[in-house]
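You will see chain A twice below: alongside chain B first, and alongside chain C after that.
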Partner chain A sequence: MARRAAVVGVGQTYHRARRPDVNIGEICTEAVRFALEDAGISIKDIDAFITGNMELFEGRYAQDMWQADYIGAVGKPGIRVTTGGTTGGTLACVAFETVASGIFDVVIAVGFEKQFEGDTRAGLKTVADPLWTRWQTTGAIGYFARQARYYMKQTGAPEEAGSRVRLRLAKHALRNPHAHLRLQLQSVEEVMKSPYLIPPLRQLDMCPTSEGACAIIVASEEKASRMARKPVWAKDWITVHKEGVYTRGGQHSVADLEMAAAKLFGRNGIKKPMAEICVAEIYAPSTWAELEWLEAYGFSKKGQAWELEEKGQFDFDREFPVNPSGGVVSTNPIGATALIRVAEVALQLRGDAGERQIVRKPTLGFSTAWGGSGWTVAHLLSATKD
Partner chain B sequence: MKVGIVAAAQSPFREYPEWRPQELTYLVVEEVLKKTGLPFREGYDDIITCSSDHWDGKTLSDIEHGEMAGAHLGPGEEKVGMDGANAVLLGYIKVLSGHADVVLVTAACKERDVLDPCVIENFGFDVTYQQLIGLDFTQAAALQAMSFMHKYGLKREDFAEVVVQMRRNGQANPHLFSQQEVSLNEVLGSEMLAYPISSLDKKAPCDGACAMILAKEERAKELTEQPVWIKGIGSCYDAHNLGDRDLADPEALFRAAKDAYRMAAIKDPKKEIDFFEISEHYSYQLLLWMEGLGLCERGESAKLLHSGKIGKEGGMPVNPSGGLLGGVPRYVAGANRVIEAFGRLQEKAKEGAGIKEPRVALAHGAYGPAGQHHCVIILERGF
Partner chain C sequence: MEKKGELLGVKRNLQVRFRWSAGPYLGKLLTELRDKERLWAVECPGCGRILFPPRIVCAACYTRTPEFPEGWFSLSGKGILKDWEKVIYPQMDPETGEVRSEPYLHGTFLLDESIIYVHYLGPEDLDESQLREGLEVEMVMKPREQREGKPTDIKYFRILEE
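What follows is the complex of A and B.
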């Protein structure tokens, strides 16, 4: 029957716009090495490899083949899952499941992106349906500009609401040695000087393109008890899809995020998410998305997240810090981004987050992934076994 | 806990210029749901799709395949970006983990939409050493075939005999792209692609999809009177750099098979497994993979082939379905092996099925240059 699974090691490279010093295999190996060091084990202790990335961003085919030689997967089992932006989140789910199933005792999930090896925008353009909407695609920026406009219209949020989110995340990122963008932003006015990409979306509202990798090691209860670090338990996880948004057009919707949170919190007896969950790492590629999605996941009443932001409710020294790592707008190696969310929550729950360790002593953490045609993956991690 | 396959569906493997990849997925999803009576979307807890962004020509090919499988605001969906056998493996893990009771697994590929497969395959090699010399999977296979020939004194005729036998078995398989028999001379005389591989030594490209339903024991018994249990699984990577391997030794397959046999408590696969469904993307691979799976001693596979023992009535049937050479799309291939094994176990007493009362079967999926990754699945009839 199903067993418990725990995150016992995390590893993350440093992230930059370009990492010309390493190739794809090498950047993954960096993350794997850090994770093994963290867990205090060697590559021999790993039973299986779970890998993934955005397939067409590097233009590489069957990437796991090449990766296998570098990350130590030769002679070992492996599964490659690719679900777009959510890939990292899915990697974590599959890692939890392979351990829970009893098939493997210790597995490693490795996510990466090296966007300058290929052409991300060209890759992203082919997300749209070739028959209906490919001619009008503008990559992620078009989608998130529309989303920002929609959120402003629905909630009456002023234009600086997005900038306020950026200010918080920039401050958080300064505490995170792994963050790609570590910007010294002092005021909302300063953020608002950043140029528009497509109004009302500004450059500083949007995530960067980063190169980097992340790995987490997941182990069974028995193996976890013998490892160096305090295990962080995978409590529950869920994936909910919203398909075909690009083909149907029509109304903007976050029904899948709402459904994921309602199901996940419902079956784990969480009634007041903002009070019961101690820390959240939300995969939001833009500041405006973060506001809307915090509402969708149930951390704020509809239309009020921007007001909570104004009050500083999501700051890292408050009761419910959001993205103490600096979030996706600070660091975005896409295939690794969602896995970084899980890794950061695990570090927080362990109390090993260093300068970015939140003030409240966390017991329950929440991480999400977002991707595809607007679908989501969410995990609940717990510092205690129950 | 036991996990069973309760139903499966496959499209005929043809050229489908009129349908898009996801429409093929929808056809098989509809059929497999009809077989089980499960409702679309509400009837299952999770979906595993298998397809390729490169072969579909689209980032996130699973947006469409997932949608057609009922992922929209329904059960979750995860895409396996490797051979279809691994999608079955992940479905099995999902059920065992307790996170889903019933899982829908799909796989689809339209190979005939791709004008030049070599380009995609070439991008599957590492950039520094192997991509730049222009390798594709057929050339990698040719290197492997040559090293296999040299090691055990095999001839092109041995590989051609594989094609003859497989295509003969395939005559009775309505799903295959081609049901035509071919002669030894036709194979030897077909266009040379990369010595010793000629065009008939290579799996015919085609379009198609397949789907199956996996369920935990109690649910499986509710859904069918004829469940087939998954008894063992194994998977393994080999080295990517071809020069780091002795290509004549399928190390990854040895290990994947060993894991699967151990899990299924099989000591002698030759005696305990009633028939085998193997992924031979190229003719020589049938022989090499038979050795890798322990069906004979190293270097003895050609003898086994000529002995007629692996024929439908030969005592140790291999690919009674006709294998892949007659035409099964890649990505669908490994899942198709599982479905063929499942189907034959279900129709145990059917007239002319060839194999008497089979109880245990093996399905195998291979993926990557020169079989870099293998997946082995052992099935057992549960009725």
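What follows is the complex of A and C.
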């Protein structure tokens, strides 16, 4: 890496199923203003803009042009990133890369979604090859129902395993003032009263559709040293595709997640991820996916994450808390969702996560993004520069 | 007149026409299915992997694959049931935009050629309680006049009598 890049400011709106009080530009303005305030800088200090959202959700072409006024980008360089579910994760990668490469000194990445304004299901179905597999798509719900069945079959996990994940995430979300769903769930039995979407996947196993935005400011080492907040260093990051699921069809696989973790942890000398990483914000659209993916990333042996969940190992006050924000099943404005993962890890490493600050003093954090069932992005963030 | 506290939202419906080219690989697969009731796969000349549906290059070694019929082989259209799911919530049919209101079964099949394939499991009155992994299945085509050169020219996979 040519230069070090650091997260020096984060901003997040509140998230709801609908935000009719603001239009798309205005919701982005909110996130940008919060991030500038957090970093203690003005829009004049920003060199470039990286923006993103889901390509087809709100039905607007060249969203970056629409947004320019609202995010303060007029007359400045910018790139729009639309990599589906991974958009927010890719936004962070591009921000890190443009600063690390020396092209810009201070950039802002802005992700948003206003899902209610379009048709999420219709947008998602266009992910599949229209001539070969699109007819069989059942959207995210069909995919994650099949994934849940597959996980249960492979591991012998009981049906309550998914509900246990939901209970943890609901408790975490109650500590997060930004979370969309803040559900007062008391027991696994209560979660299991939630209706099936496709068995064994229940409504409470799945992420909501949210409206909201998130922004992070990334700066070079020299600029970061002059800013208000303690910098959180981008240690390393990775993007991995697997063989096209929707051109090929076929068996469930998490090869992209496994490849990403093996490469990222391998080249950073991380041998025991669960011991060496202090906090993880995992982009998992369903409870069952979170279990399977914790295994794919190497945080648990294959087939055992549900047992670790039973022991409370991923709880907020343990050594390896997972999704102290409440995760994607609590909040999901898709184009912002993965950027929220990065922002939340940065807050944890700074010690600024408020009521959701984890008990352990974290030094190394992990955030992920996932999309289109064939693509994953992951970042390592560090409290120290080494 | 503006109502007090009104938050205006505007609704529009859009219809868009698309024309997608299938290309020589997927195109041949779909016309063979429509006209000859056969599915095909191609073997990668570089690494020997089986590509289904046939594609122009292998994702593992990036070797160019030959066009039909060189290196292509036809599938038996039979296999075993690996898994199934019942779709019970109202689901948009991505081909038409209409809501599929009836519950239906999706099967995951391991075909005789070691290929995993997902399709409907039928017929509609299939007794779900009789299903188990390993049951033998075969593909059932739609009547010739209803075929359009689509994967859904296969009506469903049916369980073979034991």
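Everything that follows uses one rule, which is that the second predicted complex is superposed on the first by the 383 of 386 C-alpha atoms of A that agree within 3 Å, B and C clash if a C-alpha of one lies under 4 Å from a C-alpha of the other, contacts with A are read in each partner's own complex, and residues count from 1 in each chain.
Definition applied: a contact is a pair of C-beta atoms (placed from the backbone, for glycine too) under 8 Å apart; a residue touches a chain by one contact, two chains touch by 3 or more.
None of the values given here were measured: they were computed from a predicted structure.
Visitor: First (chain B), second (chain C), both or neither: which does A:198 touch?
Guide: second
Visitor: Identify the partner contact of A:243: answer first if only chain B is touched, second if only chain C is, both if each is, neither if none is.
Guide: In the superposed model, A:243 contacts both chain B and chain C.
Visitor: For A:65, is the partner it touches chain B (first), chain C (second), both, or none of the two (neither)?
Guide: Once the two structures are laid over each other on A, A:65 reaches chain B alone.
Visitor: With the two structures laid over each other on chain A, which partner does A:150 touch: chain B (first), chain C (second), both, or neither?
Guide: Second partner only.
Visitor: Now for A:180: first (chain B), second (chain C), both, or neither, which partner does it touch?
Guide: Touch partners of A:180: none, neither chain B nor chain C.
Visitor: Pick one for A:130: touches chain B only (first), chain C only (second), both, or neither.
Guide: Touch status of A:130: both partners.
Visitor: So, A:356: does it touch chain B (first), chain C (second), both, or neither?
Guide: After superposition on chain A, A:356 lies in contact with neither partner.
Visitor: Tell me which partner touches more residues of chain A in the superposed arrangement, chain B or chain C.
Guide: B
Visitor: Based on the superposed arrangement, let me know which partner A:164 touches: chain B (first), chain C (second), both, or neither?
Guide: A:164: touches no partner chain.
Visitor: Which chain A residues lie in the overlap of the chain B contact set and the chain C contact set?
Guide: In chain A, residues 59, 125-126, 130-131, 243-244 are touched by chain B and also by chain C.
Visitor: Any idea which chain C residues touch chain A in the complex?
Guide: 7, 9, 14, 18, 20, 22, 26, 30, 52-53, 55, 59-60, 83, 85-89, 91-95, 97, 106, 108, 115-119, 150-152
Visitor: What does chain B use to touch chain A in their complex?
Guide: Answer in residue numbers: 1, 20, 52-54, 57-60, 62-64, 66-67, 71-74, 76-82, 86, 89-90, 92-94, 96-99, 120-121, 123-128, 233-241, 244, 251-252, 255-256, 259, 367-369, 372-373.
Visitor: Which chain A residues qualify as touching chain B in the complex?
Guide: 1-2, 23, 25, 49, 52, 54-57, 59-62, 64-66, 68-69, 73-84, 90, 93-94, 96-98, 100-103, 123-127, 129-131, 237-244, 246, 255-256, 259, 371-373, 375, 377
Visitor: Sort out for me which residues of chain A touch chain C in the complex.
Guide: 20-21, 59, 121-122, 125-126, 128, 130-139, 141-142, 145-146, 149-150, 153, 196-199, 243-244, 247-251
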